[in-house]
């Protein structure tokens, strides 16, 4: 297969970026898109051009490191897949593929297609945990959790933190990411004691990082490689109301 | 722990305000439409309805309703505008290529145009109030009492094709706004789960559509089927 | 021996007495650091996976100052995230006769009697506390309708002791651990430093007192000083180029420590997992693991005739060789990982391999679909089938899956004593990075258990013991040892960038991977290993003359990162081959062709090799020295594993 690639190149956070055009041949349809970029980088290195920087690690869709906007869609047009899971057989031979980084004011571009997602870590640090010091845990089966609740919690917990939700949101909102963690704990008995504090602090941090507001477009769910539902965002709002009314008590 | 004022300004707080005010406005618009349908029953029914509202609670109902509506519209507009502002800040440089993700996405022409349809409706509301609420104060007699002849004003205005068509057009924007707004307000208030969300999303299309059509046919009905002179004659002429 | 002297005698420092009481006894005997003094001590933790992240969080909870680094952009992305199957614990919730002893024994036996009894028993003991801790953190383990925890049987053991969270157990455990870590970051007790790569260990008076790390964004070298250094940097199967590990997994941190005097334990012991999606072409960068659970219902076969190129469904039953069922009638397709892997290799060597490359075997679900119905098969393996179809483009419901073994886990690692301390005082090694409790072969669902055992329960106690036992005068980053370490790193980086030869780093990586896979892989011979050592030395020399590393040192430069790691793979690969050569027996994942029974089964040599081999670095131009820690089996009887 042959492709024309238009790839965002940017030397650093402050530098101006631009789309550069590259031609690439001999692409095996079974290759992943990241393997195609590996090949491009080999070619560029031999030609004395600096290779394209892109983040990736596990290459099996679980670590959440990779993430490219491919032809305008975060993680490409294929649903329920991360960038590394995209195979070239899913693209039309001879076409042009445009590859851009996640774009959000909260995520500065480190280089080329690599962005800084540390705001997500700070959102978790603000309350995405259950305070349980090692040594103080009761026997695991003393906490009974109905299967339904455990499953709902798991549905939210599958988030891999890739930030495609932010990239795809027309408002660059981090609501789905933040809400998934809040929802996970809202379903579990372990999460109850810090419930109000959690939602208030996490939302506060999310706002402080400069993410946009949510307009319920639902693009986030559509690009989420793990299919996390926007109903979790509804849970976040319920939890917020709960914290507010608790305040009035 | 939670400063209520700060909470109102937070991204979630703003959604709650948008949702609550949106819910209030949808209820208002629905009641407004049902009331307006009395126009099909003729001048007497319509004027009776408007007089009923005007005299409720010795006239205080209208005052309270007006104040409430001004507050709801104001808050709704403020929160909507601030969502838009946050979006401009949060993504100052956009994508060279953008496309829809499709699948479970709820992004539509309606959701993308909320700001514009909202601004349009805001302007419309101002003109509408100025036009009808503060329009000519015709008087008529109903069951022996003098009441405002709002029917006549409406008929007179809607018999001017430009006005009738402008109203009808505005109602298309209302439908556009409500297609996303109706389900979105429920989602903003955290009222939807996995089962309810698709239902609400479908219901929004129906409710938004019905409200828009309902309001849209009124001016057109008057324009094409109600004769202002005949009406005036039927009501006993000008006073 | 005093804790502040290099433990070159390899004293395991295990407590004595009844096995089941050793850990408790040790805990009550080790020294403690007073609560008010803990905050005066800084501990450097390298790595944020299950071992590193849990150690950092727990040490911070105890009151220490913790500096925690990782190469990923977030601690949540450490490769623990990829574990699918589950985590073992001797809870006996299923009332099926499980016990701490049974988990201990299964682990020792599964490891082919090449691990320490005391360590493994401790691992089995704390396994139960791990589950308690994870549940308390909100890890959403699978549940029964009554609300209790669900278990499954995993990896061919006879009890159901594996806890799981869909196919994402590693991810969920790591997120639990990460949440605890971020709580400490928020509390100001942990200084979190993502996108940092440790490139040198700093020794002061022979003790580990700091590290030099490269900021992967700016390229700057940064110095961190502390009272102890904890390495939790994972495994090094990426030395094989293609493996199931993340592409950034590497050996550089442990390798720097090895070269600073830490002994390397059993470097050649590698687990080759039997059920990965096979390699389809040279472009491939990574092998994807398919959960071992597939072998519960899938049947492994190859055509009876070598070179049979017919499509699988066109090959009649009579012409198929269900070789695992044939050779191991009692265990069949559920033989341990090392055996299943080796048998696949033999079939390929016989020319019976399948698929476009001839390097794969079939895993067939036709019988299972017939027996259980398609729906049950979908419920059990649907997501795996889908994953397979994504990669290969074939539907496993219709056409048998192709699988082939892939390097998956390294049992070898830096040698540590019972306190998880290496031969260098103060340098502790946790999780997969140490030479580990898994002996010569790791059981399924035990890696997560070991990582969390080390991080939550062992190291937080033993590191305190070290700090309380030795004299630790204040050392700042202005100490000359830091400047010296930084010079070493700089020299290396400058050298890598200055060569500007003709071959890319990836080409070299591919080359060493090929040698490692062919000659230091599933089946090893004396001649092959000797040849491998020669080839690797040649590759290494060529690398340092002909590699081309683009870009600069003061920038985000992935090629430079990779170059440093590949440079270390040459040296590590050579040591792996040397270790494999010296271990003239077959045990667990290590199979020497010279050491097999007439039927082709592994032949262990307990008389000569019931020991840990720990290698000492003696300079680039001198051969490393092989030292021995004898393994005394006081409580279990050494038996030959038999799965016939």
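Things worth noting here:
In order of appearance the chains are A, B and C, and numbering begins at 1 in each one.
Heads up, the rule we're going with is that a contact is a pair of C-beta atoms (placed from the backbone, for glycine too) under 8 Å apart; a residue touches a chain by one contact, two chains touch by 3 or more.
As the structure is a prediction and not an experimental result, all values here were calculated from the model.
Common neighbours of subunit A and subunit C, by the contact definition above: there are none. Chain A has the Cα centre that lies closest to the mean of all protein Cα atoms in view.
Centres computed as Cα averages put subunit A at a distance of 27 Å from subunit C. Mean C-alpha position of subunit B lies 64 Å from that of subunit C. Rounded to a whole number, the gap between the C-alpha centres of subunit A and subunit B is 38 angstrom.
In subunit B, no position touches at least two other chains. Contacts with at least two other chains are made by no residue of subunit C. Taken in their complex, subunit A has these residues touching subunit C: 11-12, 28, 30-32, 34-35, 38-39, 41-42, 44-46, 48-51, 53, 55-65, 81, 85, 87, 89, 110-111, 114, 116-118, 120-121, 124-126, 128-134, 136-141, 143-147, 150-151, 153-154, 157-158, 160-161, 184-185, 188, 190-191.
On the side of subunit A, the complex with subunit B involves touching residues 6, 8, 19, 69, 71-74, 77, 79, 98, 100, 103-106, 168, 170-173, 175, 196-197, 200, 203-204, 206-207, 210-219, 221-223, 227, 229-231, 233-241, 243-244, 247. Within the complex formed with subunit A, the residues of subunit B that make contact are 1-2, 4, 6-7, 10-16, 82-83, 86-87, 89-107, 111-112, 114, 180, 183-184, 187-194, 197.
Interface residues of subunit C, counted against subunit A in their complex, comprise 54, 57-58, 61, 72-77, 79, 81-82, 91, 93, 129, 131-138, 140-149, 165-166, 168, 170-172, 175, 178-180, 182-183, 185-186, 192, 194, 217, 246-248, 280-281, 283-286, 288-289, 387, 390-393, 456-457, 460, 504, 506-507, 548, 550-551, 555-556, 558-559.
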